[in-house]
Amino acid sequence: MKKFMNDPKQFVPQMLKGIALANPDTLKYVPEYNLIMRSDAPRHDKVSIVQGSGSGHEPAHVMTVGKGMLDGACPGDIFAAPPMDYVYETTKLLASDKGVLLLVNNYTGDKMAFEMAQELSEADGIMVRTLFINDDVAVQDSTWTVGRRGVAGNFFVMKAVGAAAEAGADLDEVVRIGEKVNAVTRTMGIALTACTPPAKGAPLFDLGDDEIEIGVGIHGEPGRRRAKMASADDIVDELLGAVVGDLPYTAGDRVALMINGLGGTPISELYLLYGIAHEKLAAQGITVTRSYVGEYCTSLEMAGASLTLVKLDEEIDGLLDAPAEIAYRVF
Amino acid sequence: MAVEQADVEFVVHVIAQTAVDNEKYFGDLDSVVGDGDFGYSLARGFEIVLADWDTLDRTDAGTFLQKIATIITSRIGGTSGPIWGTAFLRAGGVAKKSETLDGTVIVEILTAAIEGVKARGGAEVGEKTLLDAVVPMRDTIAILVAQGAGDQVVLDAAATTARTSAEATSVLQARRGRASYTGERSIGSPDAGAIAVAVIVEQIAEQWRQRATASA
Amino acid sequence: MKKFMNDPKQFVPQMLKGIALANPDTLKYVPEYNLIMRSDAPRHDKVSIVQGSGSGHEPAHVMTVGKGMLDGACPGDIFAAPPMDYVYETTKLLASDKGVLLLVNNYTGDKMAFEMAQELSEADGIMVRTLFINDDVAVQDSTWTVGRRGVAGNFFVMKAVGAAAEAGADLDEVVRIGEKVNAVTRTMGIALTACTPPAKGAPLFDLGDDEIEIGVGIHGEPGRRRAKMASADDIVDELLGAVVGDLPYTAGDRVALMINGLGGTPISELYLLYGIAHEKLAAQGITVTRSYVGEYCTSLEMAGASLTLVKLDEEIDGLLDAPAEIAYRVF
Amino acid sequence: MAVEQADVEFVVHVIAQTAVDNEKYFGDLDSVVGDGDFGYSLARGFEIVLADWDTLDRTDAGTFLQKIATIITSRIGGTSGPIWGTAFLRAGGVAKKSETLDGTVIVEILTAAIEGVKARGGAEVGEKTLLDAVVPMRDTIAILVAQGAGDQVVLDAAATTARTSAEATSVLQARRGRASYTGERSIGSPDAGAIAVAVIVEQIAEQWRQRATASA
C-alpha cells in the first residue's frame, strides 16, 4: 500500500484539518466529532442539513459543506459510520430554530447511529428529521434485507434539500423535497480495481487483470457479479440496462446524467463514458438536460465509475440550478 | 456458580484486550464479503477502554458496564458501535438491578444484551451476524447453570458452542450488515462478528483457567 | 490494462465528444482538430487564449475552456503535442481583432508545433503571441537543455491571462501578466505509481511496491530519482524543500498553495498533504492565503501529487479572484 | 547510382509500412526514458500515408515528398510531427529543384532534411536524437556515392552505419526531447528515434534487394 499519509489512525483527522486550513473563512473544524461545519451555522433562518456516513468517499460529504448544501458533516473513520455521539453532538451544535435534517445513506451502521442520535436530540427538544437515501439498484430490495444502499445519487438529494433549506423552506417541506428526489434517482457502479483502506493496508478484494466487478458498493463490498473486462460501450449498456429499467425511465423523460468516478479513474475516462451514455439515452428517447461528470462519491482510490439518472421536473431543475459554494472546488 | 464484580471487570478486560490484539484478524474476516473495518472499529473503542481502565467508575458492576457502553458508543463507528454499545448498556442495566451475580443473573444479562442487539439492528438468529454465536452460547450457559455446573465447565462449554456456532455461519446467507449486499456470495465464509465472539469467549475461558491456576 | 474505452485510437475523440455533449450551450467541438472552443469565440473585444499540449492531463486543458479561462484547446493524442495543423487551424478559427495568445507548456514537440503555427498565422495577418510555461523545478535548467517543463502551475498562468483577457486587456498586457505569473510559480511532483497510455497498454515505468519517483514529469517521464516510500510529512518536506528553495520563497511572502492530484490519488490524500504543507509553510513564515486542492493537471491514472507555490501580490490576487466558468465542474 | 521517382515512392512506402509495423516496438523504446508515444505518433501518420497512397500527387518526386510532409504535419503530433514533417518538406524541396536523382542529389536531399531537423528542433549530433543515426548514415552514403558504389552496396552500408550509430546512442546522455529530463538516467539505453531510423533503413536495404531479385 502506498498512500500519502503518516499514520492510518490520523488519516481522517489530518484530511479534515487540511479542509479546514484550506477554507478558513467559511468552515469550522471540531476535531472531537470529526465535524466540518459552516462557520456561520446554525443559522436560525434555515433548516440545518447534516450528513454523516463513513470517510473514504470524498468529496462526500465533508467537502460539500457550504452555502446551499450541507451545514455540517461528521463522518466516521474510513468506511465506518460515525459513532452515535458524533451525530448527537453535531445535531446539538447545529440545532436551528427551523430544525435539523439528518441525511443518511442507507446502511445498517449509519441508520442505527442516526436513529439513536435523533431519539436523544428529540429528547433534548430539538426538531429532527431523518432521511434515508437508497439509490443503488445493484442491491435487491426486499422485506428481509436491509434495503438498498445509498451511493453517488445522494449528491442530488443533498443539493436539492440544501437549496430548499437555503431558500427558507420549513423542515416538512425540506423532507418532502428530499424524499421526492431520492424517489426518482437510481445508480449503479462498476469497479475496475479494489481499494485499500489505510488501516487494513491491503486491497479489500482481488480482481484479476481482466476482471471487473459489476454492481460494486462504495465500501469495497463486492458487487452483483464478476465479469470479464469489456468495452466502454458494453459497460454503459450494462449500467444503463440496470438503471433505466429500474425506475423505469422511459421515452419522453428528461433526466440528469451523472458519471461519478470512484477515485482512481481519471476524468478523461469519465467524460468518455458520459458521451456514450448520453447518446445511448437519446437513442431511447430519454433526453439528458443536466450533466454531472467528476467525483461525487468515491471509494478511496478504487478505479471505476457509477452512473446515476435523476428524472427531472421544473421543481427539481430549480433546486439543482440554485447556487452553492462548497469546499470541493477547482478554480 | 456466582461471580464478583472483580470477575466482571476481568472478563471485560479480556474482551478489550482480545479486540485490540485481533484488530487485523477481525478486519480480514470482515473484508471477505464486508468492508474490512470491523477489526479497526472494535480496536479503536476497546483501546480507549484499556487506556482509561484505572479511572473507570467502579461504583458497582452495572455502572461499570454502562461506562464501557458509553466509551463504545462515543468511539466505535460502523455497525459495531451501536450493536456492542447497546449490548453493554443493557447488560449494565440488568446488573444494576441485581443484588448478586449468580448464574441465573448472568444468563439474564446475556439475554438482555441479545434483546438489545436484536432491537437495535433488527436481526434474528440465522441472518449471519454475531447473534448466531451469542444466542446458542447463552443457551448452553443457561442449561449448564440450571444443572449447577462450575464456572470453568460453563465457560469451556460456552467457548465450544460459540466456536461451533460461529463456524457454522459459513453456510448461511447474510441478511444483515454489509455482507448481505453480496447475496449468495456471502455463503462459504463465516461471519466476522460471530468469529470474533468465539475468539473472545475462548480467551475468557482460557484466561479464567490461568487465573485460577495462578491464584491456586 | 483496464480502462473505460472502446478503441485506443478513439480515446481522445470520444472523451472530447463527451465534453461537448455535457456542455451543449457553452462549448463547440471541432473534431478535425481535437478542438474544444467556447461557442461564442472568437470575441473581438478580447484576446483569444489557446492551449494545446497533449491529452491525458485532464482537466488540462480541454475542460478549462470557458468564460474567464481558455477560448480553445486543441490537444494532441495522449502525451503527444498536437500536430502543427491543429494549432494553426485553431488559431485561424479563434483569431480575434485583439489577437491570439498561444499558451505552451515548455516541451520540444509543443514548442515546435506552436512556433510553426505562429509563423504561418502571422503570415496570414493574425496577431499572435506565444507564452511558454516552465514551472517544474525538478528539471535542471541550462543552456544546453530544452529547459524546464510546464506542469500543474500552468493553471495559474491560464487563470490570470484568462481574467485579464476577459477584462479587455490588450495582447501585450496579457503577455506581460502571463510572464509575470509564470515567473513566480514553481512546482514539483511525486509519483506513487506509473501510468498506462491507452495505446501502449502497459505502464510507462515500473515502480516497486515500496518505491516512489521524485520529480516525475506529467507524461510518465521518470523523475529526479527513485526513493523508498515515505510518510506524508517527509514527502511534503522533500517537495517544499525543492520548491521553496528555488524561487526562493521567503519569510513574509504571501503565496497560493496548490496540491494537484496526478489522476489516481483520491482527494482525501490531497487535502491531507495540503494541511501538512500549509502548516510547514506557516512555520517558515510563509503565509498561504489562497488554496487549490484537486486535479488540475494529471497524468492519466497515475497515483501521485504535485505541489505548486505562487508568490502573490494584489494584481495576481485580483486575477485569481475573477470569476470563471469552465466545463470541469462538480455542482 | 541513380534512382527514379518510382524508387523514391518505393522507399517512402517501406518507411511508412515499417513505421506502422513497429508501432509497439518504437513505443516501448520511447518509454524507457521518454513518454512512450513515439510509435503511436509515427504509426498514426504513416497509416494515413498508406491509406491515401493511390491518390497522392505524383507530379514529380519533390511534390510527392512534400505531400508526405503535409500528411505528417497534419497528423503526427509530439516532437516527431514537426521533425519528420520538416525532414520530408526539405527533402522534397531539393528533389523538386533537381533534374535527376543521382547519388549526389540523394546526399543533398539527406543533408537538407538533416539541416531542417536541426533548425526545427535545435539539436546537434551527440545529443541522443535520431540525428545520431541519420548524420553518420548520410556520411557513409556520401563516401560510397563518391566512390561510385552500386545502389545495394550503398544501402547495405547505410543500414549498417545507422544500426551501429543508433546502438551507440546508449552511452550518450539525452540533451533533447523528453528523455533529457531524466539526466544521467537516460544513459544505458539507445534513443528511440535513432533505433527507428536503423530499423527503417535496414528494411529499405532488405526490400530493395528483394525487389531486385523478384524483378530479375
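Letters are used for the chains, namely A, B, C and D, taken in the order the chains are written, and counting of residues starts over at 1 for each.
By our rule, a residue touches a chain if its C-beta (ideal position, glycine included) is under 8 Å from a C-beta of that chain, and two chains touch if they have at least 3 such contacts.
Everything numeric here is computed off the predicted structure, so don't read it as measured data.
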**Request:** Figure out the least number of contact steps between chain B and chain C, where 1 means they touch directly.
**Result:** 2
**Asked** With chain centres set to the mean of the C-alpha atoms, which chain is at the far end from chain B?
**Response** D
**Request:** Would you kindly tell me how far, in whole Å, the mean C-alpha position of chain D lies from that of chain B?
**Result:** 75
**Prompt:** What is the distance in Å between the mean C-alpha positions of chain C and chain D?
**Reply:** 33
**Request:** Please work out the Cα centroid separation of chain A and chain D, and write it as a whole number of Å.
**Result:** 55
**Request:** Return the distance between the CA-based centres of chain A and chain C, expressed in whole Å.
**Result:** 29
**Complete:** Residues in chain A with touches to at least two other chains are numbered none
**Message:** Residues touching two or more other chains, restricted to chain B: which are they?
**Reply:** none
**Asked** Based on which chains are in contact, what kind of graph results: line, ring, star, complete or other?
**Response** line
**Complete:** The chain A residues in contact with chain C across the complex are 2-6, 11, 14-23, 55-56, 58-59, 63-64, 69, 155, 159, 192-193, 209-210, 212, 229, 231-233, 235, 263-276, 278-279, 288, 291-296, 298, 300-301, 303, 305, 324, 326, 328-331
**Message:** Quick check on the complex: what are the chain D residues that touch chain C?
**Reply:** 23-24, 27-28, 31, 33-37, 40-41, 44, 73-83, 85, 120-122, 175-183, 185
**Message:** Per the contact definition, I'd like the list of chain A residues that touch chain B in the complex.
**Reply:** 9, 54, 76-86, 107-109, 112-113, 116, 138-140, 144-146, 149, 197, 199-200, 204-205, 217, 219-224
